[in-house]
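Two complexes follow with chain A in common, the first pairing it with chain B and the second with chain C.
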Partner chain A sequence: MAVVADAGVLYGLLAVGAGLATGLAGIGAGVGEQGIGAAVVGVVAEEPGFLGKGLFLMLLPETLIIFGLAVSLILMFAWTPFSAIVTP
Partner chain B sequence: MLRPVKMSRVVVAGSKDVIAPVVEKLHELHLLHIVNYNGNQPSFEMGKPIGKAREYSENLIKLRSVTRYLDIKNKAPEKVYPESQVLSEMDNLLNNVGADITATYERITAIDAEVKSKQDQIKVLKPLAVLPLPLEAYYGYDSLATFVGTVATPVDADVAKVSPTNEIYSGSAKNATVVAVFVPIDKAGEVSSVLSEHGFAEMSVPKLEGSVDSAIATLEGSIKSLEGEKAPLQKKLADMKKQYEDLMLATDEYLSMQTQKTEAPLRFAETDNAFVIDGWVPSDQFSRLKGELESTAGGKVDVQLIDDKEADGLVEQGEDIPTKIDNPSLVKPYELITRLFAIPEYKEFDPSLLIFVFFPIMFGMILGDIGYGIMTFLVVLLLKKKFRTEGWQQLTNIVLIASVWAIIFGIFFGEIFGPLGLWGRIMGHLPEAQIELLKEEGLYFGEGVFGSLGRLGPLGIFPMDRLATNAVLLLIGTSIFIGVIHCSVGSILGIKTELNYGEKKHAYFERLPVMLFQIFFSIALLGLVMGQMMMVYLGGLIVVVSIVMMVMGPEGPMGLAHVPFYVSNLISYLRLLAIGLASVGLAFAANQLAFYVIMPMLSGGATNSAEFSIPAIIIGILVLTVVHFINMLLGILSPFMHPLRLHYVEMFTKFYSAHGGGVEYSPFGHVRRFLKA
Partner chain C sequence: MPVLRLPKFGKPVKYAYITGRVRAMKTKLIPAEMYPRMMSMEMAEIARYLEETQYKDEIDALSKDYSGTELIEHATFANLAKTFRKLAEVSIDEPAFLILEYLRRWDVWNIKTLLRGKHYGASETEIMKYLVPAGELSAEHLDELAKKETVQDIISAFDGTDYASALAQYDGKNLAPLENALDKLYYFRMERSVGGTLSVGGGLLLKYVRREIDIRNLITLFRMNKAGVDAAIIQENLIPGGKLHDELSRMAGQPFGEFLRGLEGYPFWSSISDIATADVDAISRIEARLKAYLIRYAWALSNYHPLSILPVLGYMVSKETEVANIRKIVRGKEAGLPAELIEEQVVVA
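For the complex of A and B:
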C-alpha cells in the first residue's frame, strides 16, 4: 500500500529530526564535558603542566556530537527510502 | 625511525686510581645511560663522591638563592662563556656581587614591611580623627583602663551604670561610631562586658604623639621617603640582572656539571680498589665508548659488551632498557605529541613519523582555507620568533607545517576566508546572469560538488563547495577512508609489537581481527552505498570471520564487548568533516552578511560589487574582520586538538602501551648551553 503524504511536510519532519539529533547529542556532550572541565580547571590550578592533557580529556565526550551529526547528515543527505514513500 | 635506536648493555670496570678521568670522559662523551647500583651484591658497596663535591653544592645553593633574588629564570643563551672565565669570576660573583644583591634585596623587603606597617597605622588613625583627643592621651595610664574602638549603638548610659566615674568621647566616622572610654582600672572587666553587648570592636592605637592629622601626615611623609629609597634599589637590582644574568646561568651550569661529575660515583658499585659501572649505550656507539675510555685510563679500565641473551636476563630481573627515539629533524617536533602521551617502551614503536604524516593532513582537511592558513602561518611564525624555548619551538613547527596543508586544502575547497566573496574576486567568478540561470535550473546552491557558488578555479579545476550535498557525502567517505587507513596502520604496528614481545596469540587473535573488522566493515558499507552487493557479501563474510577470531582470542567471548568501540572508532573520523563544516558555516554567514546584505543595503540597493559606496565597503570590511577573527580563534584550537584525539584514542590504543611506559635514554653528561665546549 502506498502512503501518500505531502513531500514538504515529510522533508520538514526530516529536518526537525536532524536538528534534534545534533542538538540533543550536543546537550549530552555538554553535560559530560561539564564535569571533566571542572576537574581539569582544578588540576591545572595545582599543576599548570597538565593543561595539554586536560584540554585533550575535555574533547573525549565530543565524539557524542559527532554521532548525532552523523545521524543528521544521513537523514538530510543520504536517506533515499523516503522518496519511495512520497511518490504515490 | 619507527623503532627506537638499538641499545647494548655494557659494563665498565676499572681501578679506583682512574675513576676521576673516567668520569670526566664519560661526562664529555654523553653516551652512557647509567644503571644505578642497587646495593644488592655483598662484595660491592655504593661509591662515594669524589673531589670537592661539598664545595660545589654549597656554592650552587649560594648562587641559586642570589638568582632567585634577581628573578633569573632559564632562557635562551645570548652569550656563551669559556669555562676559564666562569672560574675566574665565580669567586667575585658569589661573594662580592652576591652579598651586594642579597643586601639590596633584604633592604627592599625591609622597606616593604615598614611601609606596610605604616599603612596599617594610618588605617587605624583615620577614624580616630573624629575624636578631639591628641594621640598621647590614649596611653600611659596607671589607674585608668582605656577602650578605643567602634560600637554599633551609643554606650554612654550603660557604661555610667557600671562605672559612675568615667570619661567618654564619641564621634561618627564613615560608617561606624568611634568611642574612647576611660574608666578606673578596677571597673575594666565590667565595662568590657557592657561594651561587647554594644558590638564593640577594639582598635589598637599606635603609640604616637600630637594630633591625629599631623601623625597621619608624618606617616605619609615617611612612606613617601621610603618609596623614594626603594625605587633606585629596584633599579639597581634590574641593572645587576641585566649585567650578570648570562654569567650567572653559565656559572649555574658549570657548578651543576661539576656536582654531577663529583656525585656520579654514588651510582657506581665499588670495592676498596676498583669500581664497576653498569649502563646502556646505543649499539653503534659502543666501539667509540670503549676506545675513548680505554685510551683515557691507559689500560686501567675494561669496557665489556654483554651479549643480548644475558642482557635479556637482566631485563627480566626488572632492569629497563632505555628508549632513545631518533627522528630526522623534520619529524622531531612531532616527538612532542608522542611524549605528551608516553615514551614508548624499547620494544614498542615510536609513532612520531606517523603523526608527522597524518596530523598535518587532518589539520589541513579541517581548517581547509587559504586565508586562515596564511594567517595561522604568520601568527605562528611570530610566536616562533618570540618564544625560543624548546617546547614552543616544537609546537610552532608542528602548526607551521600543518598550516601549509590548510592552504593546500583551501585550494581544493575554494576558500579564502570562507567560500564566498574573496575567492570569486581573486580566482574568477561566473557572470551574475549565468548564476541566475543556474539558480532557475536549481543547480546553484546545495547541488553538485564542483563549480557551484559560481566560483572558477585555477587551471580549470573547479573548487569544491564543502557545504553542498554531494561534497558532504564525498567528504564523509574521505573521512572514513582516512580513518580506516589510520586505524589499520595502528593495528599493523600493534601486531608487530606483540610479535616483538613474543605474544603470538595476542598478535593474531586480538590485534589482527580488529584490523580485518574495520577494513571489511567499511568495505561492506561502501558496497551498500554504491549498490555493489558482491562487496557487501565479501565484507560481511570477513567481518563474521574476524568476530569469530576475536572470540577465539585471549579474551574469549568477552572480546566481543569491544566491537561497538571499533565501529565508533571509524565514525569518530567524521569529525574531520564535521568540525570543518562548522567553521565554514560561520565564514559563509559572515561573507553573506557583508557582501550580500550590508554592502548592497548601505549603497542603496546596488547589486553589482562595482557600485558599492565607500562607507558601505568600510562597514562591510569591519564586520568581516570581527566575525572572521572570532572564527579564527575558535577555528585554530579545534583542528589541533581533534586530530590529536584521533591519534591518542583511535590510533595509539591499537598498539601503544600495552606493556607500560618506557624509560627515556638519558646519558650521563650535560648539553652545554651557556658554556663553551
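For the complex of A and C:
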C-alpha cells in the first residue's frame, strides 16, 4: 500500500509535535520548581532579604521552557523540508 | 537484610519547605566563637548580647519580672519551647509526625521535672521555671499538673496514657528507676512508631536515634565503669535499642583501662582519643566531646539526604545544645567557677 503524503496530515502532526515540545518542557519545569518554590518560601519566611535571590533560583528551571518553545517555533516556521511540502 | 526503599515520586518535596526554613534558622544560631567571649562578659552584658540575637523577644518580655541569671534561664527555655513549637506547627505530613515524635523527649523532660520538683517539695513557680512546653503537653496542661499536691496526684493524672506503665514504677522513695523507665519508654515508642512507618525519613531518624542511644549508653558506661559499679547494675541502666547495644553491654563493669582499649576503632573514638586516658578525672569533658560528635553526625547525615528530616533534626540538636551551653555559662559564672572548667562543659561541634 502506498503511503500518501497528505500535506494537511503532516502539518497537523507538526503542530502536535510543536505543542508537545512546549507543553512537556512546561510540565518538567513545573515539577522542578515545586521543590524550589517550597524551599524559597521557607527561607523567605525566616529571612525576608532572601526574596530576590530566591526568586532567581526559582525561575532557573523556567529557562528550560525556552528550549521547548524554540523547538516548537522551528518546527512550525523554520524547518524547510516540511515547510516545502506544506506550502502550496 | 537492608530493604531497598525507593522514594515515591515527588516525596522529598514535602521536606523542601521545612528544610529551607531550618537552614535559614541555622544561620541565626549563636556562632561557636561567641562562647569564649560570653565567658568573659558580665551577666548584664550576656543578656544584652542575647537581646541582639533570636532571644530578643523573650528577653524583652521577661526583663520586667526577672534579671541576671534568672532572666537568661527563663528566656532561653521560653525561646527553645517557642522555636520547637514553631517547627511542629509549620510542618505537615511526615515531617510533622517525625518532629513531634522527636519532641516527645521534652514531654519526658517535663514529667521528670514535675516529679522531681514535687518529690523534693519545690514550689509551683519554682517547677514552672524548668518546664519546656515544646512537646505534646501544652503549657496550660503542665501548669495544671504543677498545681497538683503530691507526686502521686501527678502520676494518676497520666492514667490511661502511654506513660502510665513507666510511672507505675514509683515506689514513693526513689525516682531513679522511674526516670530510667521513662527514658526507655521514649526510645521504645520512637522505635515502634517511626520504625513502623517504613518511610525513608523515618528510617533516617531512627538511624540517628540509634546512634544517640549508643552515645548515651557510652556516657553511662564511662561514669559507672570509672566509679567501679557492678556490671549487672550498669546493664540495668543501659537503654536498649542502640546499634552497638550488645557490644556496649559487654563492656559494662570492665576495668577502666580495658574498657578504653575496647573503644578504639569505633567511629566516635577519634573525637575523644586525646582526652580518654586511664587517669581522666572529668568525665564531663568526654561527655561534651561525645555530644559534639553527635551534632556533627546529625549534620553529616543531612548532607547525604538534604531533603529529609535530618536537617531539621540537626537544627533541633544544635538548638538544644546552644541553650544548654548558654545556661552552663550563665550558671557557671554565677557559681563562680573558673573559666576553664566552664569551657570544658560547653559543647562546640
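What we mean here is this: the second predicted complex is superposed on the first by the 78 of 88 C-alpha atoms of A that agree within 3 Å, B and C clash if a C-alpha of one lies under 4 Å from a C-alpha of the other, contacts with A are read in each partner's own complex, and residues count from 1 in each chain.
The definition used in the following text is that a residue touches a chain if its C-beta (ideal position, glycine included) is under 8 Å from a C-beta of that chain, and two chains touch if they have at least 3 such contacts.
Not measured: the values here are computed from a predicted model.
In this superposed model built on chain A, chain B and chain C occupy separate space and fit side by side.
Look at A:D6: by the touch rule set out above, it reaches neither chain B nor chain C. In the superposition on chain A, A:L55 makes contact with chain B only, while chain C stays out of contact range.
By the touch criterion defined above, A:L69 reaches chain B but does not reach chain C. For the three-chain arrangement built by superposition, the Cα-centre angle with chain A at its corner and chain B and chain C at its ends equals 50°, in steps of 10.
In the overlay built on the shared chain, the residue A:A39 is in contact with chain C alone; chain B does not reach it. Once you line the two complexes up on chain A, you'll see the smallest CA to CA distance from chain B to chain C is 8 Å. Listed in rising order, the residues of chain A touching chain C in the complex are 31, 34-43, 45-47, 50. Those residues of chain C that touch chain A in the complex are listed here as 10, 12-13, 16-21, 23-25, 27-28, 90, 307.
The touching residues of chain B, when paired with chain A in their complex, are 340, 469, 472-473, 476, 529, 568, 571-572, 574-575, 578, 641-642, 644-645, 648-649. The touching residues of chain A, counted against chain B in their complex, run 52-53, 55-56, 59-60, 62-63, 65-67, 69-70, 73, 77-78.
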